[in-house]
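Labels run A, B, C and D following the written order; every chain starts at residue 1.
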Amino acid sequence: MTEFELWSTVVIFGPLLASVVALSARPALLRAGLVLGSLSTLVGSAGLWRAVALYGPGRHPLGGWGQPLGIELWIDGFGVAMLAVTALVGALTSLYANSYFGDLSELSVRDSPAGRGARFFAPLWLLLWTALNGIYLSADLFNLYVTLEILGLSAAAIVTLAVSRQATVAGMRYLLVSLIGSLLYLLGVALLYVQYGTLSLEGLAAIGPSGPIPAIALAAMTVGMAAKTALFPFHAWLPPAHAGAPAPGSAILSALVVKGSFFILVRLWFSVYGGGSPEGLILLGVLGSGAILWGSILALRQVSLKRLIAYSTVAQLGYLFVMFPLLIPEPRLWNADAWTGGLLLAISHALAKAAMFLAAGNMSYAVAEDRLTSISGVAHRLPMSFFAFGVGGLSLAGLPPSAGFVGKWLLLRSAFETAHWTWIAVIAVGGLLTIAYVLKVLRYALDRDEAPEDFRPVPRRMEWAAALLALAAMALGVRALELVELLLVGGPFPW
Amino acid sequence: MESTLTTLVGLAWGVPLALCLLWAFPSGHRLGERLVPWSALPALLLALLSGGAEGSEPGLALPMLFTGAEFSLDPLGRAFLLFTALLWLAGGWFAAAYHRTDPRSGAFFLFFALTMAGNLGLVLAADLLTFYLFFALMTFAAYGLVAHARDRPARRAGRIYIVMAVLGELALLSGLLSLGVALGGVPTFGVEIEGSWRLLEGGDASGLPILATGLLLAIGLGVKAGIVPLHLWLPLAHPVAPTAASALLSGAMIKAGLLGWVRVLPEETALPVLALGFLGMGVFTAFYGVLMGVAQDDPKTVLAYSSVSQMGYMAIGVALLVGDPALAPLALAAIALYAMHHGLAKGALFLSVGLADRAPLAAGSTEDAWRYRILAGAALPAIALAGLPLTSGGLAKNALKDGLGELGGVHYAVVDPLLLVAAFGTTLLMVRFLVTLERRRRDSLAEAGPEGIDGSGFGGLLLPWAGLVGIGLVGAAWMGIYTPVAEDTALPGLLDGWLAGLAPVLLGGLAGFTVLRRGEWLGSFRSVRIPAGDLLRPIEWAIQRIHRPDQEAVIDGLAAAGGRGIGWIGRLFGPALRLADHDLKSARGGPLAVLVFGLALALVVLLLR
Amino acid sequence: MNPVDLYMLAGIVITLIALYAALTRAHLFWKVLAINLMGTGVFLILLAAPSRRTPEIADPLPQAMVLTGIVVAVAATALALGIALRVIARSGLPFLPDGDEEDQGSGGSAGEASR
Amino acid sequence: MVSPIWAWDGLPLAVVLSSFVPGVLIMFLREEQTLLRNTLNMTGALAKVAFVGLMLQGVAAGASYEWAFEILPGLELSLAGDALALLFVTLSAVLWLVTTVYAIGYMEASRSRTRFFAFFSLCVTATTGIAMAGDLFTFVIFYEALTWATYPLVVHNGTPEAIRAGRTYLAYTLGAGAILVVGAVGFEVTAGTVAFAAGGVVDPMAVEAEPIRYFLLFLCLLIGMGVKSAIFPIHGWLPTAMVAPAPVSALLHAVAVVKAGAFGIIRLIHSLFGIEVSWEMGLTTLVAVLASFTIVYASVRALAQTDIKRILAFSTVSQLSYIALGVALLDPLAQVGGLVHLVHQGIMKITLFFCAGIIAQTLGVKTVGAMGGVARRMPLTMAAFTVGALGMIGLPPVAGFISKWYLGLGALGAGAPWVILVLLASSLLNAAYFLPILRTAYFDEPSESWSDPWPHHRLEADWRMVFPAVITAALSLAVGVFAASDWSPLGWALLIVERGAL
């Protein structure tokens, strides 16, 4: 058994097993499931990182059954990097969730809405984790569909765990968008299969799809994935869903779930279609720019803390699409800075956004409200959460030292190298808008006039989880060398 | 011996400066007040002990200090140091007695010590920046002396003083910069300064044009020297300053401007235009001071205008210096003589005003014995100032005339007769002074009323005054020794041109006493008075008329305009923001379908291109 | 036009119509039904695929995919119906509310908070 | 052979960490752990001064320090200790030590001291990082970090006014910071390197080929640096930021933040573009004209202020441009003047801010009009203030004169005599707004409304506030009086220029 086979098995079946364990209603087993899921993904992704760094991209036919009939895993730098970030964010969020739902599960109020959240969060989240890991390692289009579908279903279910009417409605809408998106994707898969008779990413890449049917297929898949990634103008479902979910759920949805469909888009456009067409990439970049500006403006106008962060997700996802036109400035030529910069931004967003949602969760946990005005003075009561939120905001805004800064530097560099002047302005302005809305939160938190009266103590572990995530985002800004090298293993065209 | 002198060069300015540190301690100022009056002793000692021979000048180099400070005592410096130290000693003692009961004496002596350190230091300074350093120290510390009274006139005088001082400093600094850059560093006086001037003259240095440099230096130092029209602060500052401070301002400090001219202006490079300016302004100042002075009522203002007038004479000396390299030795001698003479005489005169205020009178007594003693004592330096032969003034004036004679030409023909007239005017001014002094004595007596004036501590006032009068009286005898005389020049004899000296004094005295003392027939003409500070009134009036917009209002206006602009831009975004409030959440059904299909179609089209 | 192409065409038409319905129909059950129908359309395309490319060889892969797809669709439908029932229970209507109504309290005062 | 202790290459890192580590540790302390917090602060400050001392030894002996850490492939966090860097590092290390003592006294009764001191240390870390940045990338990292680390200090009081000031501060600095980052990336791509090197890294031939591109890059970088250095159109944040507590105004808005900008301009002109290239492109003229205008404009603005801290703020704006002006003139003496003013202005202005803080904190006096009689109540403080004020005017022997003298010499040497006019006008205006303060404090009668009319303790105010002020005043005097010594800032600036390390 090679290292690839061993660790990819661990990374996929660990959380799957854990989710089964966590289905039990016993708090101890719930906790055991979270620990098992976290440990297996952490260890597994570390092992895969080592393997990829040592041997380059690898593959693993599950159970020895290769393509076309069996399921094959493909392990390259991009996937492993996403896997590792997911593991880190997931582990810390699990730690957080354990405390967040902890006091409820002790009560064993199984039938109350709150108790349902405590009961079902862990198994759903572990299932979602499995799906995400599956996406990052899939080597064929249909396998991607299945994992994507599991991802969407479990994510929508997590949203509806929250008790409010708004959350239920948001979950419903999310589920519908997710299903439509997946089916659009499946439509594209079907069309490609009709044309080429293969579903293997590698095989399709070797053929080099072109012509009307692959074009329609890519268009369908792109629209589907764009809807699931909440690319402007399909972002409307995201803020209520992400803001409505329970705090750890919001962190997972915003930080990780949207990255799943984004990952598929990158695989499709670059690994399979070799860049598609420059104009198509520019269209995606324009939509990304629109997302940056629109999302930021909307974030600025929110009065609810979590909604502000959710809109910030809309804006930050825009950056990931600005990468598209920069990556392939002209056919058959790819810009490494755009690749590493864009993906670093995706990774830093995962870390920072998770930190921010968890910190916001702490704040609203303490004051039992989610309005910006209600958190005034919270900086003095929850300095660590305040710190986490601030550092997370720092990274989002691309201020050093943070992964966001490094990513933005690289992205800007690629824009200069490819003489894409417009994107430079977009990237710079987006950063400023980010600062503006992050500051809006900090300003309320620092406010001294009104001190909150009812202040529920926040468990230390919840504070630490947020702070550690923020620190990770910062640490990546001081040392991104290994991660960048990992991302370059395989690059956008691994075959 | 040599090491003693070197030590003294440091102590001369170091002792007063070090004494200032006493004020940093809670009760240190009490000790300071006792010590400061004596702290000019090392300087006096230095002036007396140093031989003054060429080549063996005591010097002190402190390369770590400032920009590499150098001190030395050349013959000219020795002359200046002598009378400066004498004046500071006398002034210090006088002030110690005068301010015995002053609650603010602590502050007075702090500024006194600082100013003294500056004044003594600048005499000893041997390079450009050290000179400037001590010059600035003296200038700014003297503000504390001028504004000591802290009432409205003192504050006005102080304000005018400091404004002019700052302007002067700036002009001086720019001139110094030009000299400095010519040599690429900080030139020492003498050879290096001459080198700078030669470079400027040659035009191959990066400094300012040579005439501009000279003019800036002349103006910068001219503020201190009180040359018209830079004299504005003098008639205001002298009356309000405490007596000792006035004596030092007029006796010692304004000579710093003169010394500065000699130090920084070239001896070996002729600057004819500048020389002409000095000559013209000097003669004009000599007359102007007299004209303004006779129309004053306060004896100290009269003396201040007299100083202005006398500085005009010394400017003529500087004109000789910069006008012709050949005349430099003679000019130097004349300047040194004149400075010594005027310093001591003017110091004594100012002190006599203080005496007139404080001389005792027994309660109920009507016989004021001190009035005539003071008037008689004050008459001695006054006569010297008028330039009577056999006095130091006569000697100094003769030296100056010799120089002018050497210069010859049209300048001599015009200036020489003018000087005769000016001497006449000076005498008139001195008479005016004695008259106002006598009136002042009467006023103080009237103010004191029947209780009379308590004489305690009067000895402390009398002694320094008498000392200065005495030293000045025999000035003609010893000043020659301390005058720097080059080998090929000689000082004029004591009785040279005695007629030309005597006549204006006698005439002036006569005219003065007739007109001013018994001048009822002049009628209303006598009441013509010029406010102290002459030109200042119109200038102040004009400044007040200048429209000064309220800056903050302007900025606020601009900010408001900017705000309106931003608000206008904001309104442009209004529809977008209104849309933002709804976002695309309500976009469902048809519009959403259009978006989905539209994007897909667009992608297909783009992919197929 | 051979039957295989007919399958293909029918599949595509069904998918698009169903997609349109899913986007535009407001009633939640309509939406769920439309999504199911859309899945069926895609399956039709998949089933037609092998015969179109290589009619002589039987290709097991589409069968496997469609089977998996149906399983996924069943699960998704179940979840969707479950959540839809809860929406109806909470709001009393089988529709998704408009964006404005959805977040009362945030939309209205957005302007005031941004000052 | 035993190498001397100063030969250790990690010294630059040690200097940076000596404030970073205490800063991070303090962040986790509880509010009431005062003793531990102060101990950490003082240990860090003393350690930093010690490390800097070692580096000074080393550089004077001809050593140079380099420490690098790869962040991205080809991009390093590189710290270098050359003579130029040390000029700034020494300034910030020494003043940090002094200000720490001051801040402990000043913040005694304040809330959230933990946060205050944590960010205070972080700011100093960023400043030392800026000083020793070996390349533009590192510079930008620390420069931007300084921006955000200062924000909590500006809004420390938590009043609406403070929060508004904080917003203005960030709007200016981060806005320009974004432009700086764009410029930096553009420079990296265009010039092919981000390294700082004496004499510049730009190829003159490349500039000739693409003059407009280089000009725009310079402009971007200049805006980025200029905002912190408060050059005319982008100076507005500095007076507003004066709502911060006095130690912040003193160290950050007189020294650290604003000097970072000025230092950046030095790096921009000398280490990136090179003075010759900048001059040929006319860039130095641009900087010199902007700086000159700022000098005069800010002085005029200061004239109309009544709040002491605002006067000082506008004076800072004005004085900072001396540095930019000096280094933008093509003459070694002017560059010496600019460099040395970096230090001189810092010491003098921090003294002034210290004193203003003491007076405001002890007596509640904040405006010029209320200064009457303060000199009698607080002789030491006012003596220190006087030294600072006279130095600002440029009177010898206070430090400010030395800068002005060299700037003046350099201006003439560079063939720009109009600069003399600027210097003179500035001196005149400085005198016009500083001397009335002194006059009022020394010669006017005391006001009745002092919050602490007469000291109950022996000293005029808390000794932890008075001593720092006296020390920095003595320093401002000493660096002027002993300017000719090798170890004076002037000596060091001359060494930098002579070694061609600029």
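To be clear about the criterion, contacts are C-beta pairs under 8 Å (C-beta built on N, C-alpha and C of every residue); 3 or more make two chains touch, one makes a residue touch a chain.
Fair warning: this is a prediction, and the values are worked out from it, not measured in the lab.
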**Asked** Which pairing of chains accounts for the highest number of C-beta contacts?
**Response** A-C
**Message:** Centroid from C-alpha atoms only, then distance subunit A to subunit C, rounded to Å. What do you get?
**Reply:** 24
**Request:** Express in whole angstrom the distance between the two chain centres, defined as the mean CA positions of subunit C and subunit D.
**Result:** 63
**Request:** Can you check how far apart subunit A and subunit B are, centre to centre, with Cα atoms defining each centre and the answer in Å?
**Result:** 78
**Complete:** Between subunit B and subunit C, the Cα-mean centres are separated in Å by 97
**Item:** Overlap residues in subunit B, where contacts from two or more other chains coincide
**Value:** 581, 583-585, 596
**Fill in**
Shared-interface residues of subunit C (touching two or more other chains) are 19, 23, 96, 99, 102, 110-111
**Item:** subunit A, residues touching no fewer than two other chains
**Value:** 236, 240, 301
**Item:** Set of all touching chain pairs, with the criterion as stated earlier
**Value:** A-B, A-C, A-D, B-C, B-D
**Message:** Which stretch or stretches of subunit D touch subunit B in the complex?
**Reply:** 300-301, 303-304, 333, 379-380, 383, 390, 393, 395-397, 402, 404-405, 408-409, 412-415, 417, 420, 424, 427-428, 431, 435, 439, 442-443, 480-485
**Prompt:** Of all residues in subunit A, which touch subunit B in the complex?
**Reply:** 212, 214-216, 218-220, 222-223, 226-227, 233-236, 239-240, 276-277, 279-280, 283, 294, 297-298, 301
**Prompt:** Tell me, which parts of subunit B touch subunit C in their complex?
**Reply:** 581-586, 588-590, 592-593, 596
**Fill in**
Seen from subunit C, its contact residues with subunit A in the complex are 8, 11, 15, 19, 22-23, 28, 31, 35, 38-39, 41-42, 45-46, 48-50, 52-54, 59-62, 64-65, 68-69, 72, 75-76, 79-80, 83-84, 86-87, 90-91, 96-97, 99, 102-103, 105-106, 109-114
**Fill in**
In their shared complex, subunit A is touched by residues of subunit B numbered 576-577, 580-581, 583-585, 587, 595-596, 599-604, 606-609
